[in-house]
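Inspection log for the structure reproduced underneath, given as structure tokens.
For clarity, chains are labelled A, B, C and D in written order, and residue numbers in each chain start from 1.
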Amino acid sequence: MLATLALLTFSSLAEPRFPPPDFSETNHQLPITTTPAARAEWLQYLDVAVLAGCLGVAVWLIHKHRSRRGVFWLSLCSLAYFGFWRKGCICAIGAPQNIILGLCEAGYTVPLTVIAFFALPLIVALFAGRAFCAGVCPHGALQDLLIIKPLKVPAWLEHALGILPFIFLGFGLAFAATGTGFPICRYDPIVPIFRLNGPGLLIALAALTLLLGMFVGRPYCRFLCPYGALLKLAALASKWRVRVTPDVCTQCQLCANACPFGAMREPSPGTIAPKLLTPERRRLGWLVLLVPALIVGGAWLGGRLAVPVSRLNPTVELAERYLAQQKSPVNYGVMTPETLALQRAEHDPEALLKSAADLQQRFRRACLAFGGWVGLVLGVKLVSLSLRTLRTDFEPDRGACFACARCFRSCPQELVRIGQLPASELPSSASIATPVKA
Amino acid sequence: MKREFQLASRRKFFSQTAGAMAILGAIALQRGQAAEKAATNPFAYDVSHLQKTDPKLITYEETARWKAPHAEAKRIAIGPEDTLYLCSGNYLTARNRSGDRGLEIALAEPSRCCAVEKDGTIYLGLRDHIEVFDAKGQRKATWDSPGKKSWITGMATTENEVYAADAGNRVILRYDKSGKLVRRIGEKDKERNIPGFIIPSPFFDVEVSRDGLLRVNNPGRHRMELYTADGDFEGSWGSASMGIKGFCGCCNPINLALLPDGRFVTCEKGLPRVKVYRTDGQFESVVAGVESFVANGKACGPSDCTAGGLDAAVDAQGRIYILDLVTGDVRVMKHRA
Amino acid sequence: MTTSHAKAEPAGLEDGGKGSATPLSTAPEASEKPLPSLPSATAVQKAGTLSRTAWIAMAFCLLVCTYMLYQHSVAAERDPWKSPQLLALKEKLRVAPADEALRSEIRRLDLEFRERYFRRLALNVTGGWLLVAGVGALLLAAKAATRLTQPRPRPQRRTDAQSLALQAATRARWSVAGVGGAIGTGLLALAFTSQSPLPDPAGELNQALAGSQSNASDLPSLAEFQANWPRFRGLAGGGATSGDAGLNFDVTAGGNVVWKSSVPALGFNSPVVWSNRVFLSGGDAKQREVMCFDAGDGKLLWQRAVANVPGSPAVPPEIPDATGYAASTMATDGRRAFGLFANGDLAAFKFDGALAWAKNIGVPKNMYGHASSLAIWPGKLVVQMDQDEGAPGGSKLLAFDCATGRLLWDRTKPTHGSWASPIIIEAAGRLQIITLALPFVMSSSLADGNELWRAELMEGEITPSPIFAAGLVMAINPASKLFALRPDGAGDVTKSHLAWTVEESLPDITSPVSNGDLVFTVTTGGLLTCFDAKDGKMVWQKDLELEVQSSPAIVGHRLLVLNTKGEVVWVEAGREFKELSRAKMDDKFHASPAIANGHVYLRGATNLWCLGGKK
Amino acid sequence: MNEQPKSDRPTTRRTFLRNGARIAAMTGLGALAGVVANRSTAEGWVWQIDPQKCLRCGNCATKCVLEQSAVKCVHAFAMCGYCNLCTGYFEPEPNALTTAAENQLCPTGAIQRSFIEDPYYEYKIDEQLCIGCAKCVEGCSRFGNGSLFLQIRHDRCVHCNECAIARTCPGDAFRRVPASQPYLLKTTHAH
């Protein structure tokens, strides 16, 4: 089809256009068709510059200046720029899809700006944690503003929902890899707010997120955001962690209460009795063995999914509809988009069916990978839940901490450091450090 | 006191939450329904009621059909002993009654129209000039271009003259057999009250009837016009209407042919249909209606209608040959007994 | 314990007092402005006003929402292009074009609606910003209120932290497993509740494309195929035509020769006929050609050699004389005629003699060479190519696109050597290709060539072709039996689908013929036998004393038998034996007759004959 | 106090692992970015409609994320026939050839018709009013030269990463074009 089309345009380019009438009496001049230019190129670089700048400032505010207020104002700025000014479209959250499409489809070239938006926050996260989430991401900033009365999400639920971002990430990438579309962008519940407009379903989702966000801290970031999942992984390997207390932790637990995202981890309770330890170890063993099984099972299931999922691709869907209705081809009457599409199919069924078949193959591969990924995520999560990490102090979880800097000023030691509290007022650390047996 | 106040505020929050949810849910529903409606295109350009032809009006039936030998078929013409000459691609192809291929002339550029004399001499119109071939297909002459805007789309010939319809310059050119331009016919002229041709797209045809008068289609005015060989405007007939009796769209008829008894065969694009009119311009009958040219109707057009259209020619027995410019089918239509 | 906490407590209060440890405060000014140590009366009062403000803000938001919603809901009636009112009016105007009042009404409404539409667009924008403002106010107020009324945290040190931690971990694992399970089952359901009409891209594609091919306007219908004689023994391959075409063969005068025409090239293949054309192929080691005769007067319209086909062997293969270089009967789809030759050349000629396409499908390694005739169905040309055991590539069944010669599919068969020709039947709701070859009677789907069923019944030399009559596939194994199989099976149907068998007097060369009620076979020795198609019971038997190599045919109520000495014998195709006529022509008949448009076409060794009768 | 040494070793081990992971991640990220980058372009792309493939289905008016679609009708003046009876401007069966509402095809009256000279009229699109419904495009393409056609106007488009209209386009007419040539106009094309 493309070939014939190219041919057609070529042949027509070969000849001059049929001349319009010459307006001999008024010698009227033909108007020029206006073509308002696309967004100027240098503005893209501005976007990148703003991103880089914000990231730098955020890191400084979190790790050096340790100021919640600074982070707050920064997030307001990025909300204004990336959110309401750029309407949420150039955005790091969707970028992984462009990257994978660029890898899988030779015809698609990824603009450098997109690569920058994909890589910069991750690099920063590898060194300084999720500074992007704290002060640069408009989605995060918006939700951060919403928090009114954050309820504490029970740990088990937190963990269960915590795997959703990874699965959504997998789906988004698999889908994008087939060149079908960008579901992560399509089902983004925040962007309609920036645009003050959008399809009905998404507006409802947006409203839901808004309301939820008043009582659950950053619901999208914690339980859906696929880029957040990537950042989480990166932050786990981060060089510098967000530290609550400048020096010794008095274990007053105030920081734990200060965190609206349940990211603060308690000191691990001393040593476990050996009689408890053995079953723990055995379970861990089984779970580790379970991981590959889960992966294989997931991949198998994914392979089965190719057919129904591929239907989400317009070409495949059209091809199937064409085959179904081939017996009764559409004729005249008022044309709906669907019937028009069918007509196109009739025009060149060979090309359509071929590309549909190819697409289905691509979906097979993608879904296979997706299934495997889901299995992996589940397995690893289960294993990680059976590992014990030794902690002596209250400290934020590297992965889960959005580096919003709320906890800093809740720490008496910090208050002493900045001179808002005379050291004499401190509870003697010894009195609390030693656990009290009842 | 503190705690009761707190309760109040929380209750408030939840009630408000619930309310807002309800409202927004409703909005979502609304939007959803709107999307549903969009599926049945509210912006459809509806001519479906014009795409059925009253079978009582159709007085011809298809007796044969064959494909044009090359892509991009443009025009057909009838030569001696009902040989059909077909301009398609860079070729001019002759076919006898039974559809067996005969003479074929290959050209450097697309052939657009042709007229054939009794002795088989072929006057072939290319975009901006005319070439003459003998019955064997040997090139006898190449006439120089009548003008740089010229765009020849129709030709006719008599004993002594050759007429070419130049759509680009909106004029009928009258040549003698030697290729000398004798007269420009039909250019806008107040004194001789010649209205002038309106040719929005490259569809412009000329035929000469037995009485020596020129029949020319003036698509922009939706009518057929009569001229003398000297270029006097003799009159016109036809009216714009989507209905079967008139000429549809912005610019029709696009092509014409004359039956042996002088009646008109007209071709239209947009609503592809071929009709017969009496010599006085009264609508008589339909040769083939829109439903006969499904592909044509559709293809008219992915980009535009200049790609579509039909052409007709009539042989000595009064059989009408219809060329479908989109599918390249040639149909032979016989009058129903 | 108590003491230590007594110590800790005031500290907590103190720092709360000085440095605002209000943990849940989000707004920065809060986190850094000091706050009264105990929520004083004024604070509560302030909180009250604040929360009232929040309440009002929320009310405001709801108000805006509702209004926008309302505007949106009425849009359907009011958008200029949707408004039923306006459309109705325009319809009215079409009926009464001169109605001035109607016109002005339309203009008024149109203007109103268009203005309203653009007002709505503007309103949506302002509404949006109003909502933002509202929500903003709500947030500020609500936050401030909650901050004021927040109870100061009183952290308790838990002593049973350890067991709690373990518990928590367990619960978390289970909940994760739960979510995983939920997702898994969801996907599982999705996976197994839907399958695609494009399961196997290749096969599906070809079928679809074949479909679109036959959709093309210039292709003849199946009815036309049936009316003509497009392949060996007619479209069905049964050698029978119903309806006598009103012919009345004069019994005495030797079968009314309408015309005879000498055939320039030799070959054992039988004529195929389409409307006014008769096609034959012929040839030898030197040259192989296709001939087209005028069915009306027998004039040789054209004769085309099949030469320099890409891939065809430079030296033609050694072929037994019994086969010759043009043993396969041609096929035609009404637009093209297809010929297959011993050297593997497969060529398609348009009716005007122009070559449509040609390709070489290779020389089969078996004792006959290419002997099976071509099978055709609208849009598809089927070639059976059986090879000896261990021959490279093995035995194949191939389907080509008639128009382009594109290979639609090819499937290997677990069979060897055969002379029989495939037939294409429509049975059990599918188009099946029935092929006979050692050792199977096989049915393959015309759509994609995949095997449908097989029966292990063939042995020895298989020459007679199968027929499909009375809903049964009849296949002759010259060495043992005539088998009648029900074609609705799947897999191995050797035992399960055998309807009946016949053992006595089996032909070893000629194929059976049936009128749906009776089945006739004729042996090489001329022994003509009539069976009941229902159960295979012999009805009668008669020795015609002929040497017969060409398969018999049925024209209406007559049975036609030819012999190698040129005798043409007509027999009543009924439950009683009755010889109608016997005529001798100076020719030898090895090929089977073709019957179309009321004439019978015979290919002799040297001539092509057209027999017809007075109407 | 005996806790200290115990808690010490694992931390170092963990830091070691962490550093390893970080280095691996950095290299991986670098490699990925590199691979993609050498296939990428400095200039971005934008969405555009190929008028040759557009089927005038009306989705452009309804499916855009903007309330008033960023898709507008544009006019290739050099292709126009300047007809009096413009099938892109008038209803299929107009009551009269006047600019009165009942004769106009455009639901929002976005086409301006002006007289040039006998017998020619010029047609212009008012983009403030145009909603990109393609009704006029259909009229013009079905009968006329197809000088009216749809284009995404980049002063309005918000450049979604995934265009909501492209997803539902029955003609598969949407494609990404380099931002430096953001339009696919019909002017170069002729028959």
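In the analysis below, contacts are C-beta pairs under 8 Å (C-beta built on N, C-alpha and C of every residue); 3 or more make two chains touch, one makes a residue touch a chain.
What you are looking at is a predicted structure, and each value in this text was computed from that prediction instead of being measured.
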Q.
Keeping to the contact definition above, tell me which chains border both subunit B and subunit C.
A. A, D
Q. More contacting C-beta pairs: B-D or A-B?
A. B-D
Q) From the C-alpha centre of subunit A to that of subunit B, how far is it in Å? A) 55
Q. How many angstrom between the C-alpha centroids of subunit D and subunit B?
A. 32
Q) Roughly how many whole angstrom separate the Cα centroids of subunit A and subunit D? A) 25
Q.
Just the number, please: Cα centre separation of subunit A and subunit C in whole Å.
A. 42
Q: Any chance you could list the residues of subunit A touching two or more other chains?
A: 15, 18, 21, 148-149, 197, 199, 214, 270, 335-338, 343
Q.
Two or more other chains touching the same residue: where does that happen in subunit C?
A. 81, 124-125, 142, 146
Q) Among the residues of subunit D, which are close enough to touch at least two other chains? A) 52-53, 55, 57-59, 67, 79-82, 93, 107, 133, 135, 145, 171, 189, 191
Q) So in the complex, which bits of subunit D are touching subunit B? A) 51-59, 61-63, 79-87, 92-93, 105, 107, 119, 133-135, 138-147, 171, 186, 189, 191
Q: Enumerate the contact residues on subunit B facing subunit D in the complex.
A: 34-35, 38, 41-47, 50, 196, 198, 200-202, 220-222, 240-243, 248-252, 269-270, 300-307
Q: Provide the residue numbers of subunit C that touch subunit A in the complex, in ascending order.
A: 1, 4, 7-8, 11-12, 14-15, 18-21, 23-24, 26-29, 31-32, 124-125, 128-129, 131-132, 135, 139, 142-143, 146, 153, 155, 157, 159, 161-162, 165-166, 168-169, 171-180, 183-184, 187-188, 190-199, 201-202, 204-205, 208-209, 211-212, 215
Q: Under the touch definition given earlier, write down the residues of subunit A that touch subunit C in their complex.
A: 68-69, 72-73, 144-150, 155-157, 159-161, 163-164, 167, 196-197, 210, 214, 251-260, 266, 268-270, 272, 276, 280, 301-302, 304-305, 307-311, 316, 319-320, 322-324, 326, 329, 346, 349-350, 353-354, 356-358, 360-361, 371, 374, 378, 381-382, 385-386, 406, 409-410, 412, 415, 420-421, 425-428, 431-432, 435-438
Q.
Give the list of subunit A residues in touch with subunit D in this complex.
A. 5, 8-9, 12-13, 15-18, 20-21, 23, 25-26, 28, 30-39, 41, 44, 87, 89, 91, 94, 97-99, 102-103, 106, 108-115, 118-119, 122-123, 126-127, 181-182, 185-186, 195, 197-199, 233-234, 236-239, 270, 314-315, 318, 335-338, 340-341, 343-344, 389-390, 392
